[in-house]
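We just call them A, B, C and D in the order they show up, numbering each chain from 1.
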Amino acid sequence: MALKTTRQAINEALAMEMRRDKRVVVIGEDVSGGAGTDGSRDAYGGVLGVTRGLLGEFGDSRVIDTPITESAIMGAAAGAAATGLRPVAELMFCDFLGVCFDQLLNQAAKFRYMFGGKVKTPLVVRTMIGAGRGAAAQHSQSLYQMFTAVPGLKVVVPSNAYDAKGLLIEAIRDDDPVIFCEHKLVYDLKSEVPDEAYRIPFGEANIVRDGEDVTIVALSRMVHFSAEAADVLAKEGIDCEIIDPRTTSPLDADTIAESVERTGRLVIVDESTPRCGVAGDIAAIIGERCFRDLKAPIRRVTAPHTPVPFSPVLEKLYIPDALRIAEAVRQTVAYAR
Amino acid sequence: MQMSHERLKKAYRDMVTIRLFEERVQVEFTKGAIPGFVHLYAGQEASAVGVCLDLRPEDNIASTHRGHGHCIAKGCDINGMMAELFGRSTGLCGGKGGSMHIADMNVGMLGANGIVGGGPPLVVGAALTAKTLGTDNVAVCFTGDGGSNQGTTFEAMNMAVVLKVPAIFIFENNGYGEATGHSYAAGNTDIAGRAGGFGLPAVTVDGDNFFAVHAAASEAIARARAGGGPSVIEVSTVRFFGHHSGDAQLYRGKDEVARLREERDCLKVFRKSVTEAALLSADELNAIDAEVAQAVEDAVEAARAAPLPVAGDLLTDVYGTY
Amino acid sequence: MALKTTRQAINEALAMEMRRDKRVVVIGEDVSGGAGTDGSRDAYGGVLGVTRGLLGEFGDSRVIDTPITESAIMGAAAGAAATGLRPVAELMFCDFLGVCFDQLLNQAAKFRYMFGGKVKTPLVVRTMIGAGRGAAAQHSQSLYQMFTAVPGLKVVVPSNAYDAKGLLIEAIRDDDPVIFCEHKLVYDLKSEVPDEAYRIPFGEANIVRDGEDVTIVALSRMVHFSAEAADVLAKEGIDCEIIDPRTTSPLDADTIAESVERTGRLVIVDESTPRCGVAGDIAAIIGERCFRDLKAPIRRVTAPHTPVPFSPVLEKLYIPDALRIAEAVRQTVAYAR
Amino acid sequence: MQMSHERLKKAYRDMVTIRLFEERVQVEFTKGAIPGFVHLYAGQEASAVGVCLDLRPEDNIASTHRGHGHCIAKGCDINGMMAELFGRSTGLCGGKGGSMHIADMNVGMLGANGIVGGGPPLVVGAALTAKTLGTDNVAVCFTGDGGSNQGTTFEAMNMAVVLKVPAIFIFENNGYGEATGHSYAAGNTDIAGRAGGFGLPAVTVDGDNFFAVHAAASEAIARARAGGGPSVIEVSTVRFFGHHSGDAQLYRGKDEVARLREERDCLKVFRKSVTEAALLSADELNAIDAEVAQAVEDAVEAARAAPLPVAGDLLTDVYGTY
């Protein structure tokens, strides 16, 4: 085992699966880069370098650069998946779903059901989410709620390198379309990652920290901010349990419910916007299941209902942080029925 | 090269099957036996059959909302199709898809599609599978004149050229997208001409003439199998029914349909040309007509008698595991 | 006042606003129909005849048929709105958002914020929702949750003719992009509709029926099924209050909360799918606000997490109906803490 | 027709402003004073300025992620722009937009755009406004070679032809979309040729030559104003910096940028041609250089000193009423 960044973990998962199964191909804009230029190939390896090196090992018939043409990329990947490949397509930023959503919403996601179960679509779409890099309104969203809302899609939101590797391998071996949401600011975070292949099943939440007073459910980067908040709160005598669902579809409501049955209190932390989001979704599910157990209202800590602002001073206020999480937890714990 | 007797008969049988299937669907729909919406393919038979005759089961096609003809030409079982239209559990999709979503991967039918422009990107993918796995399969996409204006269609053509995949784009130009004329909807009405600008061979053929369609398709398929990349074929054709069953068709000229049925019926054209050339006799053709009529009748009977889906079916087939 | 169908009410609202303000234009596929043909113009007036007759009065410079090109339609409407028109664009079926979502999600919705408040986008998108006509997986969805999730969009889901007219006039006069979701099976429903213009403000729910035992929040066509259920339940001695939010964004949470404070019980009925949907969204909001008042868990009656099946026997099971609503209400009322 | 002295000076001033603005942004970005991502326009100045010189404030343009040049050419205030890049509340968007979202409706600048292919449909709308309200305004869309492959772009061109609106599509072909060569990404690399197939006049011009760009734009604008409908202009041009500030540019040939700066600098070309023809003197040009350098310096100073947005700004400007 060695410390690896999430970027490395994802790259490793891709390489291992491509070695193992020649049907696995990577396709997207600048997944290698340098095609049709006088300079070097693999010049990008993905805009943030996540797929770098794959071209050298697997060649351009399996690491496929494309024009700027997201509908064709997603559609080609869906069509290839339905006919025998296991493509890992890249949607550079999740914000771009708007130019290609049909191929996921109405095509890939619906094939299995609408064709009476006779078509499998083992497609993985890797896409970047998250604010915090000053990338403004059209490159900073966390639109996993849109994917989670679509029956037929599975949605993965890894928070760390270890999970990213195991979940991506699982995604590639899964026979349904999977949207794999990578947070820009999680790429450089390190954790212990085994060199060999391993799978993390979908729908199994990770209990990141045990605690007795309050349950915090947090997604992706928010897991880390929640941990910061929990450290602070521990000093105040508040003992937080932190649960990382890892996949929003399927959602491991059981693990969350078991925790809330003990703690009686739930705070959900989600970097995305509040309306029809994953935080509200979990609140509704747990609010119903744990009605008798809840000692305080379920609180959601989310972005405001606005686009992502550019100016870093505003962006910082936009993104939920440890301070806001801690404050929400305090209020939840202090709540007296 | 002269087509074999068997192939000629198959071509005719497939075209007649489409025609009689569609005419019967119209009747059943009007009676209320078929729910939802149906878009009938009658008038365009030479296109589907001319294109599909040289395809193998391993080759894939993607179709449109007007998909029955493509399904039949690609080898879908008409019993399974009719049952699907009737919403029965014996349908090709277990009754879950209906007219706009008939698919059968066993014969390379990747699905009718309710989204105009939904199919072209998928076909680039099916063609990519062939190229990546090193088979000589090809993938064919049917799109209408209306769908020729959709962005996804343009993207798919460019991508197919860039990736040099064995994809063939068929544009069935029947002059209408719903109630809007192609002459209004396309800034340049020459679909093949516009498509050719994307860097792939593009031709227009007379869709009333099965042989013309077949010749163009043959060439494109052979090129694609040989690694020569994608092509476009525009088929100029006609729609005998409305946009969907029940369409009042106020937008059509007076007597337009009657005239088309008289002058531009690809079945009549086929019959005339094969009998005049003494390739098939009227008796042979009539025998096929009768056979097919019976088969369609049987399909309706079977569909009517078939079981409906049961409540449990509502929740199956959505995820492999979840 | 006269009884009018929802179809008539919408048509009337469009005609009146077009008469009043020459900047209002209607644009979409076959909004008149017959362009470039040998037959008659206005042959469709929209696929379900909602815009019929507008062409005759306003001409083809204001009733604009387009190719099949949803991105260009939505984008042109957004661009026109930002530069001085007040377009009412038609997205024939909401299911088609997949081929044009970018122009709403990243363009129209974000202009005002991302440009620092300096651009207004008075755009209305009329679109059809709903299952129940055997139109299968790609023509039967109710995707208002996708629109509601987008900051910057307002979302209207009228349940009847009276509301449709007043809300559409409001939408056209509003300076923000509004998505106006018309249920296929509400078009033929009639109600009393005044001949003159009137506005129904956004964010004001309609209390369709007063009751003391349980609050039902229902959207669009579900309002009518809920009323049926309430009639049945009344005979069993269960007194239902029915609230129709009319707009999901903004959402009139106050009216719902006031009702739940009285009844202590809430059932939410939503024809859409359950994950990250409007039902869950309302459940989360009210669960938090009315925590002390709730005597039973909030129940959601929704479609299952599947695509819409074609076969009418399955489609009927898919759509929430009066039976399922009544059963959910009974369980909610019977619930003992 | 010879351009007036004033207009020549304005053209030069705008081009130099873009160049010096971008070079300064590169410095400030590298220092860390500018957050996020910036895509610099240096090398392409003749395109933005050649196209915009004949535009009026009421004419609209839509731009791309590489928008600074278009903004300046259309008349955006560089103080407001620089402050926006610095994320200040005095920025053109109050600091909420940043480099990729600069807009100023007062001068007809409908926004830079972070979505490749986002602009073309919007411009059809701006042109529709002009047509519907009966003004003779036009609307211009800038798109890159990369963006020329996006479906929305194709749709917009077709729609513009169908609606006969005064829209002009400029394709700035700098040979790259990020790290991918245009020669790879487009099945047909002749952007204007492919676009011409959509049924509108389409030409290619040398983007190093301001006068060539201006002549083509003039013609297209005049045609559009007169009701002659949409046009396409492909401008072949060069990018002096990387895709974004900080790009290592490994995909570029050895010495490629140095060579381009030497041989294909539109400012040098302009200078040479106007001095040789004695239209502007070296002194006049130098004076402009100095003036602009000072203006850019002032913009940076002002931006640096400007106030940041305050917490309350987070929640404003999202709905007019809610």
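Worth pointing out:
Throughout what follows, a residue touches a chain if its C-beta (ideal position, glycine included) is under 8 Å from a C-beta of that chain, and two chains touch if they have at least 3 such contacts.
Everything quoted here is computed from the prediction, not taken from an experiment.
Taken together, subunit A and subunit B share the touching chains C, D.
Look at the CA centroids: the one farthest from the centroid of subunit B belongs to D.
Between the Cα centres of subunit A and subunit D there is a gap of 35 Å.
Chain centres here are Cα averages; for subunit B and subunit D they lie 45 Å apart. The centroid of the Cα atoms in subunit A and the matching centroid in subunit C are 30 Å apart.
Residue numbers of subunit A whose C-beta contacts span two or more other chains: 66-67, 69, 71-72, 95-96, 98-99, 102-103, 106, 113-114, 136-138, 151-152, 304-307, 309-310.
Counting only residues that touch two or more partner chains, subunit B has 91, 93, 95-97, 101, 113-115, 118, 149-152, 155, 158-159, 162, 184-186, 318.
Contact topology of the protein chains: fully connected, every pair of chains touching. On the subunit A side of its complex with subunit C, the touching residues are 71, 95-106, 109-110, 113-114, 136-138, 145-146, 148-152, 249, 251, 273, 275-281, 283-285, 287-289, 291-292, 294, 296-300, 304-307, 309-310, 337. Interface of subunit D with subunit B (complex): residues 149-155, 157-162, 184-188, 193-200.
The touching residues of subunit C, counted against subunit B in their complex, run 29-30, 33-41, 43-44, 47, 65-72, 95-96, 98-99, 133-139, 304-307, 309-314, 317-318.
On the side of subunit A, the complex with subunit B involves touching residues 23, 25, 61-62, 64, 66-67, 69, 71-85, 87, 102-103, 106-107, 111-120, 151-152, 154, 174-176, 202-203, 250. Interface residues of subunit D, counted against subunit C in their complex, comprise 60, 62, 91-97, 101, 103-105, 110-111, 113-115, 118, 120-126, 128-133, 139, 151-152, 155-156, 158-159, 162-163, 316-322.
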